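In the part that follows, the structures are each spelled out as structure tokens.
In what comes next, chain A is part of two complexes: it sits with chain B in the first one and with chain C in the second one.
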Partner chain A sequence: MSQFLQVLLSGLATGAVYALVAIGFTLVWQAAQTVNFAQGEFVMLPAFFVLIGMNWLGLSFWISLLFGLVVSVVLLGLVFKKLIVEPILPHGGITLIIATMALGILLKESAKEFYGAEAQPFPALFPGDPINLFGAAVSLRDLLNLAISLGVVVLLTLFLNRTRTGRCMQATAQNPAVAEILGVDVKRMVLYTFLINAALATLASFLITPVYLAKFSNGETLGLIAFIAAIVGGFNQIRGALVGGLLIGVLDNLTATYVTAQYRAALPLVLLIAIILVRPQGLVGTSEGRAV
Partner chain B sequence: MGHFKHHRGLLLAAVFALPALIGTAQAADTVKLGMVGELSGAGAPSGTNWRDGAKLAVTEVNAAGGILGKKVEMPEFDTQTDPQVSRALVQKAIDDGVVAIIGTVYSGSTLVNMLVAKQNSIPQFVGSEAPTIVERGNPFVYRTSSGAQKGVPALTPYFKDTLKAKKVGVAWVNNEFGRGGRNVFIAEMKKAGIDVVIDVASEQAQTDYAADVAKLKSANPDAVFVYMNQEESARFLIEAKKQTLPMPLVGEVTLTEAKVIELAGPAAEGAIAHVGVTATATEVPGIAAFARSFEETFKRKPTHDAIKGYVGVWSTKYVMDMVGKTDGEAFSKKMKGLCLKVADHPKILLDTCWDDRGEMSRPSFMVQVKGGSPVVIGSVPAN
Partner chain C sequence: MGARSLHGAWRLLLIVALLAAAILLPLGQKNYFIYVMTSWLIFAIAAMGLNLTLGYAGQISLAQASFMAIGAYTTALMTLAGWHWLASLPVGLAFCFVVGLVLGYPALRVKGHFLAFVTLAFNTLVFLVLRNEEWLTGGTYGLSGMPRPEFGSFSTDKQLPFYYFTLGVTVLAALGLWAIVRSPWGRAFKALRENPIRAESLGVDTRRVTLLAFAIGSAYGGLAGALITPLVQFIDPGSFGLAHSLRILLMVVVGGAGYFFGPFIGAAVVILLPEVLRFTEGYYLIIYSALVIVMLVFVPSGLIGIFGRLREKLWPKRQVRADMAEGARLP
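What follows is the complex of A and B.
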């Protein structure tokens, strides 16, 4: 029971971080009808901004986190939209997808060139002390990671559904032309989407890097798993990304513990194939019609 | 004008021939060692330390008159921790005229590239520890630290007599290095009458160890043998602390490495390992001097990989000077059963012998992480 609880909680904590990254895929898809294949690198990079703040600028850890958040939101949100998305999007979604792939490689290699190939230690946001939960010693850090990730998803959902700006963003995602006719500042709403995506990726980076360590290649696996999580849950739904992320996090840990550790890396791909065959719109996604 | 035209061909030939002539003259005055190492990719922590240890040795060897009285040059080749790239680079280094290969560290790469050095009769000092490396009848490959089949058995008395373990667990990385150590450990435990109650394999570059640690915790062995590369060791220790894994964690070499301690932070506290060489064995004068020089030069503490790279270059110098030429066949003949004593060859750091397969024997140490640093808690005689 203790083992099951520990594995379940670790899976949920990791899965919640996958969900944050997967929501980024969903948001960018809704805003620009494209897939950002540099999303994994968007999670890798903020940790290095924090390390630059601490080791190069001499800032304290908490100020460095703020520094990392601001730099990430500007570079991975504003600059990404202005320099990559806006000029390339008119040439088609596929062109933009390829551009994000190139961007991912550029970011990864730049981090390696600038900060080296070796992993770097990254301070934990919370103490790693164990606490007793139903007789099992579980990590406080896991609990807090899970609570923060889920809290942010709830807040984001409330923001999108309950505020005027949120509803304008949804209107923009559903039909930008009609939204514009109705007086929505479409460009601004799209910008908000990219800024939120960058902030979510940054939060995921801060939560996961103390365990994964700061390394240039961190985005490779993370980006792929989050992409699969978004598809499994439903690419056009934020709650889909949440379900997909949590599901993969939990299944990965349970499989490694009770079935096989050797094939755990294949699990998300197997899940992806199964979902595409059985329910292509994802577990909680909705079908989208396409005019030909 | 016609006179100039007549001689223009000769002039051009001279211009093109000059660099080649200068190159030949330079080549004759220098001895080239090819440093082939993991300077990027997953093996970068090992490879960069190996490279820097070797660089320090080259500087010292040149200050001491070089090899056979010639200046030593050491071009660097980055394998990117890719075995196939390492194979191509060993070939490139040999094509560039190196007389010995220094590297690689990762066993998976060495197993692939050592065939190239063998085909060209080029001596190769490696930092790899997989048992299979010296079991392939390659007379040109030599270790700079004991292989797992020698290092891991040195741990048996520690598990049996010091920890008095009756049941143990194994957590290992599923690559050539990890598999080699894990197989030797399980055979050793069987011989010692200790039960291996849990055997957990993980993947290279794995990031999430929650399931691995949970399984170990559930099996509740008296101690766990951890045999992984550096970054994986650090992530494992972080997760072990998170889940409060209560039993001693004992490794071979990497678990108490400086890089692992830096990455794992407080989670590394208490980890125990058997190490062939350690820069913290400062009671050994040669090691203390090496550690000082390394820290002054590179502004960081050396790891055991740095010592291995250092020993690799100095061993090459000592043996080539003994042989009196750079010939690979003569070098290989000399290496069989060779013992270098610190009294005569101080830069070898510890009395060292190689058997006829290139396996190395020398005294070793048990260390434990205390207060954020590995501290020697015992020594193990050469086996």
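What follows is the complex of A and C.
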């Protein structure tokens, strides 16, 4: 029982971080019909910016985190939108998907060539000491990761539902044409969405890199899992992405512990295919209109 | 009409010239050069198949490498067991065709990014099976020592005969695809890409056409895999990962999706560019992916699209219906 609790909690902690990535993914999809196949690399990269701040610029760790956040939000939010999404989106969704795939390769290879191919240690934000919780040894880091991620999701939901800007963003996501008529600055709202996505990916990067180490190839698995979480939860809902992320995190840990470690990576994929075939709108999502 | 047939004649002349170049170019060259050209042809076959699925039928697939894997492993296991390559080929192709039908099934329900994810998941699943089922596939160590086929006195053990053998197969595959694209089916594929609702209302069985596009495209992937096995004589799961599916997808897009010769150009760029950019060492992929993004911004229809655009500028023609014209504007 205590082992189960341990596995469950660490699964929830990783799952909450997946959820952050999945939520950003969902937001960008809603606001700009952009399916970002480089999302995993968006999580891989901020950790490298922090390392650059610390090791090349000689900044302290906390200042470097701030540096990493700012650089990531500018590059992965603003520049990504202006240089890639805006010019390519009119050419069609699939073209943009392919462009983000190329971007993924570009970011991955750049991290590898310009910083290093080996996994780099990344300082932990919190101590990893195990603490005793109902007889299970749980790491404090896991608990704090879980708390921070959930806290950010709650804040984000409050922002989207309770503030004027947040509501304008929702209106933009639901119907840009009508939103524009009603006086919403649609372009600005879409930009905000990209910035929020970059910030969420950065936060996920800071929380998960101490565990995984900073490696250029981190994005491959992370991106895939975030897509799966977004789809499992329903591609068009924040709470869906949250449920999806948590579910994948827990299931992944449970399979690895109790069923098979070899096919651990297969479970989310099978889940993905099953969900897409049986319930394409996701577990808690609402269905989107489709032509054929 | 006259101008059109003249255009056709020029085109035929160009094809003959290119084919002659493909025959003459490797003569007297080093083995490595011939090896690179052979792998160019093989990847062009895989990209041709994906071009049918993506460029003609408009269905994105990120699983082409897994079909190469199925073809390659089938051929490898059968030739290692003593069968002739020619006997293993139909088995591999049929296997890919059937799996392609099954994988095409989700394409009936979902489109665009959903389909990208399903096929991506499928590619990773195939990779996991190849890695984990050691009793059959040799696990991470893969399979090695596959013999090259012999046809009577024509042995493909040397690099040059194997190149000509591959060239022959490629020409046959290209003719097959030409026939498909020109047939009523091929027109139905394009109708599906341009406007699925109208295609359906005009009596095109969109379900069957979608499945066929997937299955035939997959079989071409299987053919490429069946050729990789005797070329490299060593296969492992790492050669058929998601990165390779992505590579083939980029070949199609870079060459020009929906153009018949797009895959050849795209494969040439992807296979030859690393050789040309060798002096940049590790930076090759950075340069390549950046170029792809720039190309998608300015000429989303690929390299052939650049020629098309130039020709439009120099010799403006009347407008052509989208399902009659070559080249796809991807959905």
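Assume the second predicted complex is superposed on the first by the 289 of 292 C-alpha atoms of A that agree within 3 Å, B and C clash if a C-alpha of one lies under 4 Å from a C-alpha of the other, contacts with A are read in each partner's own complex, and residues count from 1 in each chain.
Heads up, the rule we're going with is that contacts are C-beta pairs under 8 Å (C-beta built on N, C-alpha and C of every residue); 3 or more make two chains touch, one makes a residue touch a chain.
Since the model is a prediction, treat every value here as computed from it, not as a measurement.
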Clash or fit (per the criteria above) of chain B with chain C on chain A: fit
First, second, both or neither for A:Ala265, with chain B first and chain C second: both
Which superposed partner A:Ala119 touches (first chain B, second chain C, both, neither): first
Which of chain B and chain C A:Ala102 touches, first, second, both or neither: second
Chain B versus chain C as contact partner of A:Thr14, first or second or both or neither: first
Contacts of A:Ile231 with chain B and chain C, given as first, second, both or neither: second
Partner chain(s) touched by A:Gly128 [first = chain B, second = chain C, both, neither]: first
Partner chain in contact with A:Phe61 - chain B first, chain C second, else both or neither: neither
Contacts of A:Ser110 with chain B and chain C, given as first, second, both or neither: second
Which of chain B and chain C A:Ile88 touches, first, second, both or neither: second
Lowest C-alpha to C-alpha distance for chain C against chain B (Å): 6
Overlapping contact positions on chain A, where the chain C interface meets the chain B interface: 112, 262, 265
Chain A residues touching chain B - in the complex, by the definition given at the top: 2-3, 6-7, 10-11, 14, 112, 116-121, 128, 130, 137, 139, 141-142, 210-213, 215, 217-218, 221, 252-254, 256-257, 261-262, 264-265
Residues of chain B that touch chain A when the two form their complex: 39-41, 44-45, 48, 174, 200-203, 205, 207-208, 210-212, 214-215, 217-218, 231, 234-235, 238-239, 241-244, 259, 262-265, 267
Residues of chain A touching chain C in the complex: 35, 37, 84, 87-88, 91-95, 97-99, 101-103, 105-106, 109-110, 112-113, 220, 224, 227-228, 231, 262-263, 265-266, 269-270, 272-273, 276-277, 280, 290-292
Footprint of chain A on chain C - complex, ascending: 54, 60, 106, 109-114, 116-118, 120-122, 124-125, 128, 132, 196-197, 200, 206, 242, 246, 249-250, 253, 282-283, 285-286, 288-290, 292-293, 296-297, 300, 329-331
